[in-house]
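Quick heads-up: structures coming right below.
Two complexes are shown next, each including chain A; its partner changes from chain B in the first to chain C in the second.
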Partner chain A sequence: MKRMIRHYLAAVLAAAVLSSAGLAAGAAPGVSECMDCHGDKTIEKSLPNGKTVSLYVDLQAYNSSVHGKDSCVTCHADAKAPHEKLKKVSCGKCHGDAEKSYSTSSHGIMRAKGVTDVPACYDCHGMHDIRKAKDPAARTFRLNIVETCLRCHKDQAIEQKYNLPDQKAMVAYEQSVHGMASKKSGLTGSAVCIDCHGNHAILPGDQPRSATHRQAIPTMCGKCHPGILEKYEKSVHGKGMRAGIAESPVCTDCHGEHTIARVSDPSSSVSSRNIPKTCSGCHDKEGISTRYALPKKRFSSYMDSFHGIAVEYGMTKAANCSSCHGVHEILPASDPASSVNKANLPKTCGKCHPNAGPNFAKGDVHVEISPKKAMGVFAVRVFYTLFIGTLVFLFVLHVGLELYGRWNRRKEKAPGGKEGRS
Partner chain B sequence: MPEDDRKDINRDAVAREIEAAVNEQVSGLPPEQADALREKIRLRVREEIERDLRARTVSERREAVRLAREARKKEKDAEEGETFLRFNRNFRFQHMVMFSSVILLIITGMPLKFPGFILSRFVINFWGGIQNSTIVHRVGAGMLIYFMVHHFFYTILTRDGRRDFVLLLPKFGDAKDIAHNIRHFLGKVADKPRFGRFSYIEKFDYWAVYWGCIIMIGSGLFLWFETDVLRFLPKYALDVAHEMHSDEAMLATLAIVIWHFYNVHFNPDRFPGTLLWWHGRITEHEMKEEHPLELEEIVARRAKESAEVTNR
Partner chain C sequence: MSHADLAAGKVIRMSLLFRVQHLFLTVLLTVLAITGFALMYHENSLAQWIIRLEGGVHNRGIVHRIAAVLLMANLVYHVFYMLLSREGKPELRQLFIGRQDIDDFLQSLRYNLGMSKEYPRFGKYGYKEKFQYWGASVGIVLISVTGLMLWAEEFSMVFFPKLVLDLAIIIHGYQGLLGFVLLYLWHIYNVHLHPSVFPMNPSWITGKVSAEWLREEHPLEYEKLKEEGLL
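Right, the complex of A and B next:
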């Protein structure tokens, strides 16, 4: 009751001020006039569902905002004093491009359908306190973006409602090399959400127009890593990707997405320890080997070698896939420029084995033990399998017979046995 | 006058002993005569004492200790009888170097053959990671190579080494022993085969080590110095060496664990093992059981020797 009286008084007061100020001010109220009511921290509106919304406007925040020099009516064109519910503010009136690209995004499409809990302009940019993205205090400042996006994308309820990726996937970003660089080291050059996903035109990766669509990923990463992109484009993977082969790996297939970590980080998918698993994710697949006519058993033959075993036990200096095949510039062995071309093998092996000569290239590196591929190794293995089998059989037979003999004689010696009776 | 022999002896005590002896000798004589003789007697007494000291050399003292111990043992269990030195100190040392190195090699090598086995990672981490474990493996390899060289010279240069090498050579009699032993196990023959110094079981052990050392050290050196080897040989030769190293390691381990361990540890007569590898001694009772022919030879040789002494 008291509150209603106060509202009524405020309205009367506003009317009195307006009428005394004359008609000139009456058409378009100035900031100070709006603040007469909205400067009151207790002013609020009751919603039909019983909740209340504060109608207070922080004048100081507004004044230091990017729009602080404008007046209230620039956005709230239909504002008079006093007024009923105002029309929705249209940012597109001035920011036409932004609104247009927003309307193509998942957020914009949902909102156009009438869904209200997807972000509108003000959810990311703020309302009266909008600041330029370059302003460190802005919600859209590079170092604040993650927090702004995660306000919704960390929320399990929203995640389930809209079938979004697991919150863990999102939060993993904070531990990634990009997340650490921006959050811990405070570097603005590090990638934040919008750098990969786009800002207004944000779309899920499965849509062809999305910035994170498979075919767009190398170019997108290349915005910050142009040197790597150049190498990648020349590699067998890059060429395949550009030829439209969807199975050809792009950056995220090896490095991960939100989890991207340094090579030196043991948890990274491209760390020395994990890289065999990462590469074999495709190269140990029968289908891929067959479709692209690749040699088979690359993973198992590597894991049987000393290199593979040492890497598995955590010897970081032992060769992993990329030590020989290269990283972004991987080429098939048939290519003369490839580091694993027979002619280049001595040089490649020589990185770790000083003075490696041409003999390094005589024989397979991925040794497949079959009569056709490695007769010598195969023969030794067959010989030893038979030899060990025979000897172990004879050992066990001898030991078994001896124990049998002992057991027998003990029975005889025991009272009631043959000897005992005689 | 040799200083060495008197090192551990209290000089004063010796001097006093000499003076006492001299005084005793000259006590009955008149003073003029006594003074003349005193120096002569002193020299003679000292010489006598020193000769006595020289005679008790280190080895003799050790032998005396051993005999005393044996006598005590004989008193305790009479049926064990006399003890014989089966393996000399040099041979025992070689065996110790070898088994320490082989243990090191197996526990650092097997995890590389079975990386998926649950204990493998534990064993590698025990050394502080794969980097250290490869160093330990090379230390073991160095010890095994040393053993091989040592044994080679032991075989050539020492009398015991030459004798044992000849006795270890396989003979036709070994085949007969095997057949006899199996018939004995099956209960067809009551008595065990009568073995000499080395039974076919021990001969197999010995030659298995010989074969194993040659293959393992040979292929191991290939893998150790891979870049130098690849200067002369193609990569596929190294692959063959790698396969041999891996397979022979398996064979050696199984031979040790099944054959050697059963025969010296899990055999009910010896469980859980004897200290033969440490003191090298074997009792007369054991000699009768396991090496009766050698015992007979020893007894015959002794009889011959004592006969020669009496004839002289």
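Right, the complex of A and C next:
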């Protein structure tokens, strides 16, 4: 019996030793074991196309990454030491939501089709050195986002291949008020690529689900500019947009997209000098005036006024469209709350012309010169045109007659004529 | 009239004071036309070049207003001179438009058309000169009034609806155009291009014309001077 027990114990022990040894041979390697090979800066593998890829892992970068406390096998589950080619890492195993929304994006859809130019998780987030977006050293830190996106979006080959907006649009962002605020002033509150375009679910603006789709733009800008959004929603443009009128302007129609600049910047599409052109982009269009029963000749009737000429020649203090009509809160003149409603005109004009009272505000302002809209001015213009035209005609006639008469007189007076002349 | 002048067959037509007034008018109207039309036709590239030359639309306005003030001063001086001075009063009388001027005009038409052998006999000022004088005077008054209304726009706004100021702009501009046409088609023809004076009637500089010219073009004035023994 005792022998039997000893044998049994020996067998169990042997089995335990064997199995533990066996386990040790097949067990997942620790970080230090992986680093035995991957700590070597010269380790690399050859690709079929003749290029080589470094297999070196910077341990320090890994340790300070967000995954630094995990082990290699958390992501590389099939890793043994040594090992052949490993399976692709699936971030979605832990980051399911991100993977799901990525798969709906242009990047994800193309990636699924096998296009390798488009970014995968690691192109934006990094591989072994992934850091939290809040970490200033992260590729996805707000102040680093632009650089991360521009790695591809400033690449002309990629732009041409996928018919993307050209470099100008990308470079323009860096000069825009948002770009300057983040790049030059280092403000994290300023809009970077992802604030407008979204991150994982990024889509081109012509797709209804896109964050930059026309209908989504006011809300999107309103995330950071809620006060403006509130005013805009009450305006004729905002109401039109919410009613689904695609022609009704959203933020970007006046302010631009990547080019957005301060009002005080002369290059801005909403600067004093440029605003008439920006507004008349719609308001001088025959179709729009007709469809929405708006007054015509908005641009020329303004540009021919003293205000228009002064603004054209750089006198920024002269009234432009927004000085009278308002900015985000624009309302039609028929609305009693509108700054250009008849009842409010004395106040609106009075901002610059304190003497402009109710008497001054009678009649229409910058209308097309037609009998229906501005009879007085039209009549005077017609009168002068006819008068000057007739006068010129009569002058020429008189001059012609006189020269003809003189020529006759001369012929008569000339030698051989009746009188002769010295 | 000096003996030397008489010997040379010269007659005084414009006294020094009138020549000075005329010179002022010439320079000021030219300045006003250049600065004014640049604004009126501001979308034209030549106009834009002129406005830039004048140092922008603000400075253009200053130049225009300085010239305007001088022109109005010239006008006021001229009115007083014509109404009150010894030289002005008879001049003004000779500038009145009468029945005779209409007859002269019709006669000249008949003559030029070959329907009559008689050319009208003009005094110092014929219908051409009178038309020029009164046309310019009415024009300058009208353009001064509208110009002042627009200059003092804050003041005007108290009394007038915007429509009136819109009309003032239109009248001011077209009146300028009218004046320009009058000057460049009528006056330049009469004093430069007309066969009797080509290339120039010198009286606006020297004040004098030849007695021969006066006899041909203004025979009544010639005869009057002869009677008075001034020729």
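The rule is short, and it goes like this: the second predicted complex is superposed on the first by the 357 of 422 C-alpha atoms of A that agree within 3 Å, B and C clash if a C-alpha of one lies under 4 Å from a C-alpha of the other, contacts with A are read in each partner's own complex, and residues count from 1 in each chain.
Everything that follows uses one rule, which is that a residue touches a chain if its C-beta (ideal position, glycine included) is under 8 Å from a C-beta of that chain, and two chains touch if they have at least 3 such contacts.
Just so it is clear, the model here is predicted, and its values are computed rather than measured.
J.: Quick one: classify A:Y384 as touching chain B (first), chain C (second), both or neither.
T.: both
J.: Which partner chains sit in contact with A:F393 here, chain B, chain C, both or neither? Use first/second/both/neither.
T.: After superposing on A, A:F393 lies clear of both chain B and chain C.
J.: Contacts for A:Y404 in the overlay, against chain B (first) and chain C (second): which applies, first, second, both or neither?
T.: Touch status of A:Y404: both partners.
J.: Based on the A-chain superposition described above, do chain B and chain C contact any of the same residues on chain A, and if so which?
T.: 303, 306, 309-310, 312-315, 353-357, 359-363, 365, 374, 376-377, 380-381, 384-385, 387-388, 391-392, 395-396, 399, 401-406, 408-409
J.: Would you pull the chain A residues touching chain C in the complex into a rising list?
T.: Touch residues, chain A against chain C: 303-304, 306, 309-310, 312-315, 353-357, 359-363, 365, 374, 376-377, 380-381, 384-385, 387-388, 391-392, 395-396, 399, 401-406, 408-409.
J.: Using the touch rule from the top, collect the residues of chain C that touch chain A in their complex.
T.: Chain C residues touching chain A: 39, 42-43, 51, 56-58, 108-109, 111-114, 119, 153-155, 157-163, 166-167, 169-171, 174-175, 177-178, 181-182, 185-186, 189, 194-195.
J.: Which of the residues in chain A end up touching chain B in this complex?
T.: Spelled out, the residues of chain A in touch with chain B are 303, 306, 309-310, 312-315, 353-357, 359-365, 367, 369, 374, 376-377, 380-381, 384-385, 387-388, 391-392, 395-396, 399, 401-406, 408-409.
J.: Which residues of chain B touch chain A in the complex?
T.: Touching chain A: residues 111-112, 115, 121, 124, 129-131, 133-134, 181-182, 184-187, 223, 226-227, 230-240, 242-244, 247-248, 250-251, 254-255, 258-259, 262, 267-268 of chain B.
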